[in-house]
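Dropping the structure in here first, questions after.
Lettered A, B and C in written order, each chain numbered from 1.
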Amino acid sequence: MKIKVEHLYYTYPYSQNPALSDINFEVKEKEFILITGPSGSGKSTLALSLAGVIPHILKGGIMEGRVLVDGVDSRLMRLSEVARKIGMVFQDPECQFFGLSVEEEVAFGLENLRIPRELMEKKVNESLVLSGLLKFRKKEPSSLSGGQKQRLAIISVLAMEPSVIILDEPTSNLDPYGASLVSDTLQKLQQTGKTIILIERKAAHVMPLASRIIALQEGKIVVDAAPRKFFADEALLRNLQVYSPQVVRVAHKLQELGFKFNEFPLTVEEFCELLKK
Amino acid sequence: MKFAKYIERDSIVHRLDPRSKIALCLAIIGAAFSFTYPLFMMGLFIFVLILSFVAKIWREFMSQTKLLFSVVIMAFVLWSLFYRWSLFAAVTSSRVILQLGPISLDELGLLYGVTMPFRVLVLIGAPLLIFMTTTFSDLSTALFQLRVPYKVAFTLGLSVRFVPTISEEMEIIRQAQMARGLELERGGIVKKARAYVPIFVPLIVRLLELADRMSSAMEVRAFGAYPRRTFYKVLSMGRIDYVIVVSSFIFLLLCVWLRLQGIGTIGG
Amino acid sequence: MQPIIIVRDLWFAYEKADYILKGVSFSITSGELIAIIGHNGSGKTTLVKHFNGLLKPTKGSVFINGIDTKQATVAELARNVGYVFQNPNHQIFADTVYEEVAFGPRNLGYDEERIHELVESSLQATGLDGTENTPPFALSMGARERLAIASIIAMDPKVLVFDEPTTGQDHKTCLEVMEIIRKCSREGKTIVLISHDMELVAEWVNRVIVMADGVILLDGSTREAFSKQEVLKSAKLKPPQVIQAAWKLGLQDIPLTVDELVTIISRDLP
């Protein structure tokens, strides 16, 4: 399943400047794309456009260009059709639960898609077991921790079996423990071959997982590269004002002092290994 | 502890089908309105208390009904002294017990004064018991299976789910503004109302934000994609549930019949 | 000189005997910049809410500038302790930036002239000068965060408490916020930070109080705290990458910042 974005422009209603300008890229299967950039650079707008929320729900803005989902313009599809192919998890755990119990939250999307009950039961059980939330099945989501809530949101979306899952800053409101719960889930997800599009600002913990980093600045794509290439470019990082992991910064400074790395390190482990050589 | 929040316990009451609990609640409320007799009303309230004990939540139930204390006292005073002005009271003569200037306390008044507060306690206590022993999601499903349209039952469940969220947010906002020196205690009514603006504005903004985000989140889960949907959870009534529904119904009929016979009212 | 904050054997529970804070004691002298760190639920926020009286001790006492918090109202303590909450959207309500920032000092009863001075100087300090007539909701998230800080600085308290000032902010805003905090510290304000950003804490703060399950595990220098692996583990804290790297490489010294690690490596290795 491929997503192709062609010359996408979007301006919010009542806004002067476009939130997205001339966005062009393609998402292929099994990719793990990290979209980053400063606040206001258009990351969320891009996510909403990919998921079909723009323009189906957010009306009144000006949209040019198109988003092709498996070759079909998303504007010509119903949002529910897009939802079956592209799932989305939002930043705010509070807004993703609808007053049901944990197992019913997982079933919610399936009920909307008219999945027969026996199949639903099977899927719900599987999801709960895989995410470690089985023992909470009858409880209300409000009794879960932040990290568990986001995990629940992720499996609720996954139960609908989209090929692509978009996550808009899922760890922003979480403490480090919760954030690691989410990144564990993402790691498992990647291993199952799902296409993942993750929007994050401080992404040290998911860095090693991404196959591609897209950086936005003022609504435009300024970089679209593999993580190693992205972080090896010091001038770029400084210009973008995005966060880079400490080991990356250390590596840059060491390079300035004459150290040579065979490969540019992205994690603590890689850094230590590469330094020993 | 939040008001009327579900408390998880392993009790018979918790395990009952929500529909039978609703039936029981309606029967109790119906009975409370049928009669105006002090002993009966007290008996009803004690029944509700016994239920809370069987449901293993009697401690929490008691502490929440304590909140009604001031209402109860007020009801007692108002009814005993001023029942003659009420539309419902029987206007018969009765022996005066106390004279306080123009206001008199008579026997009939005392009977009303005792009955009415207990009625309040029953009318609030019965639903309270239901909310404390049944999750909103079960109640919502029950309503739906009682032929309330899905979108209505769902919206009701959704609104109710937000009550604790709203009170949490309000508490944070209140603390944040108090930390800026906001005085909420002092001042007359106008001043106090103005003092709440810095609390309500951020709250409303947050609620609008949540509502907006929730609608996106629901759509992305294909809500409303098809006119009909399938259902994951189905409630089924057990034998006890049928017994309760039938008994509640019979009890209610009995109360209405007795009332029509003129039994069970004060002064009649 | 008496410490500006004294916490003496503080115990706190919302409900009977379910103690969130269990016998916490420490003091902070005027002008210090300290951070309180620990896992979620360790009692960090519960502790600092005692500083401005939002919470009162169940047992023990808290003294702010000599005042026993049990005898003072939140509004009274707000004169001495400014508390910046995590989410600026929980505070913002006014029509203009000026009115928003003036809210605090006005509640404290200052006259309009002094209020004007205070508002202008806090807007300057947070890079918001010129936005006096802008509606707060028109500001970007980063600017709103600075607005929230300005609103509290304008009350001119001796102590500033920041509850997760950088969580959820982008990199640029994090740097801006920390610069503002550093400026306040240099002006002599006492700063208490709660943060779960260990990198930030290591880089900016000299003294750290590590909490876990309602007790203080360690109260000492940042370097000391981050060198004790057991303490960090009990508090469920992960040290910044430079320290993780230092441990893996078996280095003797503990680097707190990127530059320190670079210095150590370039010195010990070429």
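Just so it is clear, a residue touches a chain if its C-beta (ideal position, glycine included) is under 8 Å from a C-beta of that chain, and two chains touch if they have at least 3 such contacts.
Please read all numbers here as calculations on a predicted model, not as lab measurements.
The most distant chain from chain A is B, comparing centres defined as mean Cα coordinates.
Ranked by C-beta contact pairs, the top pair of chains is A-B. For the pair chain A and chain B, the distance between C-alpha centroids works out to 43 Å. Measuring from the averaged C-alpha position of chain A to that of chain C gives a distance of 31 Å.
The residues of chain A never reach two or more other chains; the list is empty. Interface residues of chain B facing chain A in the complex, by the touch rule stated above, are 6, 8, 135-137, 140, 154, 157-158, 160-162, 164-165, 210, 213-226, 228-234. By the touch criterion stated above, chain A contacts chain B in their complex at residues 48, 51-53, 56-58, 78-80, 83-84, 87-88, 90, 92, 94-101, 103-104, 107-117, 120-121, 124, 139-140, 142, 156-157, 160. Residue ranges of chain C in contact with chain A, taken from their complex: 39-40, 140-142, 167-174, 196, 198-199, 236-238, 240-242, 244-245, 248-249, 258-259, 261-262, 265-266, 269-270. Within the complex, the chain C residues that touch chain B are 49, 52, 54, 74-75, 78-79, 82-83, 85, 87, 89-94, 103-104, 107-108, 137, 151-152, 155.
Here chain A touches chain C in the complex through residues 38-40, 145, 172-173, 175-178, 201-202, 204, 241-243, 245-247, 249-250, 253-254, 257-259, 268-269, 271-272, 275, going by the rule given at the top.
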